[in-house]
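There are two complexes below, and they share subunit A, which is joined by subunit B in the first and by subunit C in the second.
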Partner chain A sequence: MTNETKLYKVIRYLFLIGACIFVIIPLVPLIFMAFKTGAEYSSTSVLEPPKNFLNTYNFKYAIRVGNLGKAFLNTAIILTISLIIQVTLTCMVAYVLHRFDFMFKKVVKIMFTLTMFIPVVATQNLIFRMMYAVGLVNTMWSVILLYSGVGIVGIYIMLNQLDGISKEIDEAAYIDGAGYFYTFARIIFPLMKPACTTMIIINGIGLYNDFYIPNLYLNRDVQTFTVALYKFFGSMATPFEIVAAAIIIGMIPIIIVFIFLQKYIYNGLAGSVKM
Partner chain B sequence: MKTKKLSALALSIIMAAGTFTACSGSNDSGSDSNAGGNDNAGNGDAVQSTEAVDADSLKGKTITLYTHGGNRVLGEEKKDENGNTYRDESYAYLKHLAEKFEEEYGIHVDLQVNSTEDDIRPLLQTQDPSIDIYTSPNWTIEEWQTYAEPYCTLDEAKELYGDYAATMYNDGTYVYALMPAKTYDNAVVYNEETIKLAGYDSIPTTQAEFERLCENLREMGIDPIAMHRIENWPMATINDFANYVAGANDAYPGMLKSDTPFSENEPMGKTIRMYTDWKSRGFFESDIYTDFGVAMDSVGNGKAAMMLFGAWVVPQIQGRVPEGVDPNVIKFAPAPDFGNGQYVMAAAADSYAISKGSDDKEAARLFIEYISEDAQYLADSGYIAMKKGVEPIVPDLYKIIDDAVEAGTCKILFRYATDNNYMNNEEILTEAALREDYKYAGNLFDSIDVTKEPDWAAYDAQVEKQNAAYVEARDYLGYSWE
Partner chain C sequence: MKSKGRSAFIFLFLIIPLIHLIIFSYVPIIGNFVLSFTNWKGFGDIVFIGWRNYQRMFTNTEYISMFKNCGWYFLVAIPQLVFALLLAVVINGKFRGLNIFKGILIIPYLLNGVIISTIFIIFFNNTGSLNTILEWLHLDYLKHQWLQDLKLVNPAIASISIWRYYGMNFIMFLGALQSIPTDIYEAATLDGCNKWQEIIYISIPAIKKVLFINILLSVSGSIQVFEIPYIMMNGSNGTGTPVIMIQQSMSTNRVGFAAALSVMVFIIVLIVVGIQKLFVKED
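Presenting the complex of A and B:
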């Protein structure tokens, strides 16, 4: 190994170590905080480790008082239903846009793209009133409906996947007597599994962390995890050691998902960049 | 082929429509638009006692009350013997009151805690009947008009609340939120044991002696005053202290009277300068408090000695004193004499409004009246009942101020509801980009860096800059003192 190669290696590692520190540093005080007592939190530096790493009081308190169990269940129901609908609809839209030529196809594509430029907040006043008018506010169906909409990023991921699925497969199916829906549902849709997995992961994490929509629509009895977390925040004072414990609890499902599906995340992200 | 194209088009359009509802995160609380319109055609019902309502007809109803005062619903936040945080439900006074009310009237009160008024704004905008009563701080009169049912006329309120009625949220004709009690606002909250360490039994009555106390505390390594500057809202307390400096209740709107409101010859300018001077002398916290709770903890545990806030923080700090320490060491005293005498601001407190969308306005009104007649509940909450015919119970925390008022050494200044001068001043500060985050005070306060030798030239330059911006905005808007 030449000196130059060694130098590059050292620089590379230093850069990566620096990047890791940059990411990990904010997490360290959070973990410390979660194991501190309230008195310890208010009298010690945030970078000072807790006296007792076995102090699980904050975690128990957060689960009990924040009703986190119910919040997780609500989140799981909302995510499962809305992701199934969203992925199915996105695949259908992408399939139509990719495989068929029809009048105003470009207009439809432009419409999807335009939605990228409309801030979510700008439309919520109107959408909230519509939801309210049909009686969906304070039910999880309002959030499910909003989360089920098709986004342009998802369409691009699907279109990219469809590029790799030969049109001859469709044509062979038609020759064998399959209709459009049969071809899509039984032949194309299963082949789009990697793109669907990517979309589920990317959107799932985004929806899991979303606060704005659930807080707006589910302000009372039905709460998602992020809204339940927010309930610990007081108008003036907040027990941050409890909040830290709740945040760590909230990170666990994401970490589990990441560990089991990281192969799909990396592959999906790499693939979706190609347009 | 045509069918294929049409079905593809139809499917795509349906999907396109779906995408308009697709969303991503943002924690903006939404817009302020007025769904209900500004309908002031209120019922103007007279303030009535609970006895005047046909309560039997309301039995079995459920009303919902949203409040930002979570401690009165969930209990006071305290620390157990191990230092862990818990809620002491014996302090959940509103919850207990609602239970008592249900026993007596058969009306269930569902209590909901909201962190800020923005949490309930969407429901108020749609006039959702699921909100009957709400409490909300710091709203403009326009917002009260938009979301609240007029509770009664101002004249009717005056019959039962005297002069204090004018301090409730009103537009000159209607009162929008009943505020059945009074409170003393920003003064000195202190830990008696801590100031004793510095050789004082009570808060000095003169500025010079007060500053000597601060110096003694600082030399002992104790933070004299916990301000919690990391957030902006504590800067608002300067407005009341400017009133004490002026010896009048109009220092903030009174900025309109001057071309140099931020200079030392004006109450607001003098007060901000005084705060900044205290900062340069190390009278405020030496460390950053990560949260207001930590700032209150510091007074409770003696790391700091005082806070310059309203009476509302006293019960909260009392709940934070270490195990075994008498909570009554946390006391509340008038601010020292800054040259024009000793004063304390008094204001109507604890606002309760009925939502315009409420389906059970009668039951809601009955509960609010029930609150107004329970002097013990109001005292437990840190307030003094004001309704005529209700024997007030004065909370212990007001003893020092009451004694001073009684002795004539401290005078009361009433905080009246917002008037044109107040609103115009707010608009000028907004136009001058000084209102948001209390920049009119914060910019000056922050211009001195305590880690270096204080640079008062930088402070004076900022004063000049703000004076110029204020006058320019005032002239542009065409406002003057009315």
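Presenting the complex of A and C:
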């Protein structure tokens, strides 16, 4: 049963196709550019397709010169360590807040909620001084440390999940003689996998794309992928068609992630506002 | 419930995140408040200079224009939210090609600031896509040097936010729309409600709260704009923003002034979130 008239259906398709064109048009010249030779780039219009779509010279050059492989590896290391810490700590906090009553519980909750009010950019002035003082600037640990905090959105995602896990499971475990830690680690934590997946994807995209923090702390020897791309792009010596190729390379992992996990991205982001 | 080791367990599970929170959120904010009244350079003595940092911020035209630039980013949020809302409304349903549309429409949300900056440098360049398309359409008189013209550069790069961020708003709107129970729609159809009435009387009112959250996210986002003007223009041609200024003050060791700017950004965000809390409570 539907009340969609023919006119509505036509308008819907026209609007959606228009929206897709709006998304795609800025991307087209970039894709063309990555396959053009230097001479071709300077002599043709940006919207003219390349003569040879099999020209992989720019891609090879970008990988060789831009140190992109190393930067990718750095990003992968930072992401893996930070996400493991972040998700584990968030599960722990959410579990304690959901299952136990204790003194100062309200205070703890308020403390986590209030961080929403504090923009990251308004804290780095001093954090940078602290990091500098302990010698962490220009090491991955500065960024990993900053990324390892527990955010309120993550806590809410986990609390929602815990609502669906019966408390009787915990109590049965206690009766069987399991300790608090064992109950959490072996029984509850595995049941929280769906929420963990959502959090890993949403935060993973955010961290992979983050520029502000890595640019501040890692802009010399150790670089993340976004920073390497920025340095590459910022140096006037790099021809633009090479930059275009480097960018296409940077888009590949995120597009692969997306193809496999589209459903989680839509549901996860939507879920994170239903707090 | 057993209680042996209960307090220790709670303590152990909370202590690391709480310490992290204090060191990386609360200490810096309080520290900034104190340092904003000094001219500290990051080393040496700390000398208190009263309100001078704040006075400088509000009397120097260069700094004032940085706060004004944020206005452009707020303005473009209006078409951005309208576009995202329309998109969510029409895509909410089942029809052929739904997943392909969803796939294409989420692309900008997945790209980082450096990639987007490069894409739009190509777009706005003198020989870039925008001018080329205008030429094709025989609209040569509309061609401009978008990134050099001091009047056009801020609206031009601010409009990139529409492309970059509509996806996030769209997904949130869509999520809210899909949480409306389907029997409401069925009842409306039975009562002879047409699709347009359904959109205006059911869909839009039902997502008022999410709409409001998105408006406030846009406001607090526009005061924190950094990546696009920094990567594309390095803040030149009058495209500076408060956060770019914080960054530059930090790298020139003007810690006191950077602290004052940080406090300003913090206060503005605080006001915005405060408004949000006020309204959400009324619901």
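By definition in this document, the second predicted complex is superposed on the first by the 246 of 275 C-alpha atoms of A that agree within 3 Å, B and C clash if a C-alpha of one lies under 4 Å from a C-alpha of the other, contacts with A are read in each partner's own complex, and residues count from 1 in each chain.
As a working rule, a contact is a pair of C-beta atoms (placed from the backbone, for glycine too) under 8 Å apart; a residue touches a chain by one contact, two chains touch by 3 or more.
Source: prediction; values computed, not measured.
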| item | value |
| --- | --- |
| Side-by-side fit of subunit B and subunit C on subunit A, or clash | clash |
| Which of subunit B and subunit C A:Met92 touches, first, second, both or neither | both |
| Contacts of A:Phe100 with subunit B and subunit C, given as first, second, both or neither | both |
| Touched partner set for A:Met111, first subunit B, second subunit C, both or neither | both |
| Subunit B versus subunit C as contact partner of A:Val121, first or second or both or neither | both |
| Partner chain(s) touched by A:Arg129 [first = subunit B, second = subunit C, both, neither] | both |
| First (subunit B), second (subunit C), both or neither touched by A:Val137 | first |
| Which superposed partner A:Leu54 touches (first subunit B, second subunit C, both, neither) | neither |
| Contact breadth on subunit A, by residue count: subunit C or subunit B | C |
| Which superposed partner A:Ile213 touches (first subunit B, second subunit C, both, neither) | first |
| Identified clashing stretch of subunit B versus subunit C [5-13, 77-85 or 203-211] | 5-13 |
| Overlap of the subunit B and subunit C footprints on subunit A, listed as residue numbers | 46, 89-90, 92-93, 96, 100, 102, 108, 111-112, 115, 118-119, 121, 123-125, 127-129, 145-146, 148-150, 180, 209-212, 216, 230, 233, 240 |
| Complex interface listing, subunit B residues touching subunit A | 4-9, 11-13, 15-16, 18-31, 33, 35, 68-71, 77, 79, 82-87, 112-116, 119-120, 122-123, 125-126, 128, 130, 290-294, 296-298, 301, 303, 316, 322 |
| Of all residues in subunit A, those that touch subunit C in their complex | 1-5, 8-9, 11-12, 15-16, 19-20, 22-30, 33, 45-47, 89-90, 92-93, 95-96, 100, 102, 108, 111-112, 114-119, 121-130, 145-146, 148-150, 171, 174, 179-181, 184, 205, 208-212, 216, 226, 229-230, 233, 240, 243-244, 247, 250-251, 254-255, 258-259, 262, 265-267, 269-271, 273-274 |
| Residues of subunit A defined as touching subunit B within the complex | 37-43, 46, 55, 57-58, 61, 65, 86, 89-90, 92-93, 96-97, 100-105, 108, 111-112, 115, 118-121, 123-125, 127-129, 132, 137-138, 145-152, 180, 206, 209-213, 215-216, 219-220, 230-231, 233-242 |
| Contact set on subunit C toward subunit A in their complex | 1-2, 5-7, 9-10, 13-14, 16-18, 20-21, 23-29, 31-32, 35, 42, 83, 86-87, 90-91, 93, 95, 97, 99, 101-115, 117-120, 122-123, 125, 127-129, 132-133, 163, 168, 171-172, 174-176, 178-179, 186, 188-189, 193-196, 198, 210, 213, 220, 224, 226-227, 231, 243, 246-247, 249-250, 255, 258-259, 262-263, 265-266, 269-270, 273 |
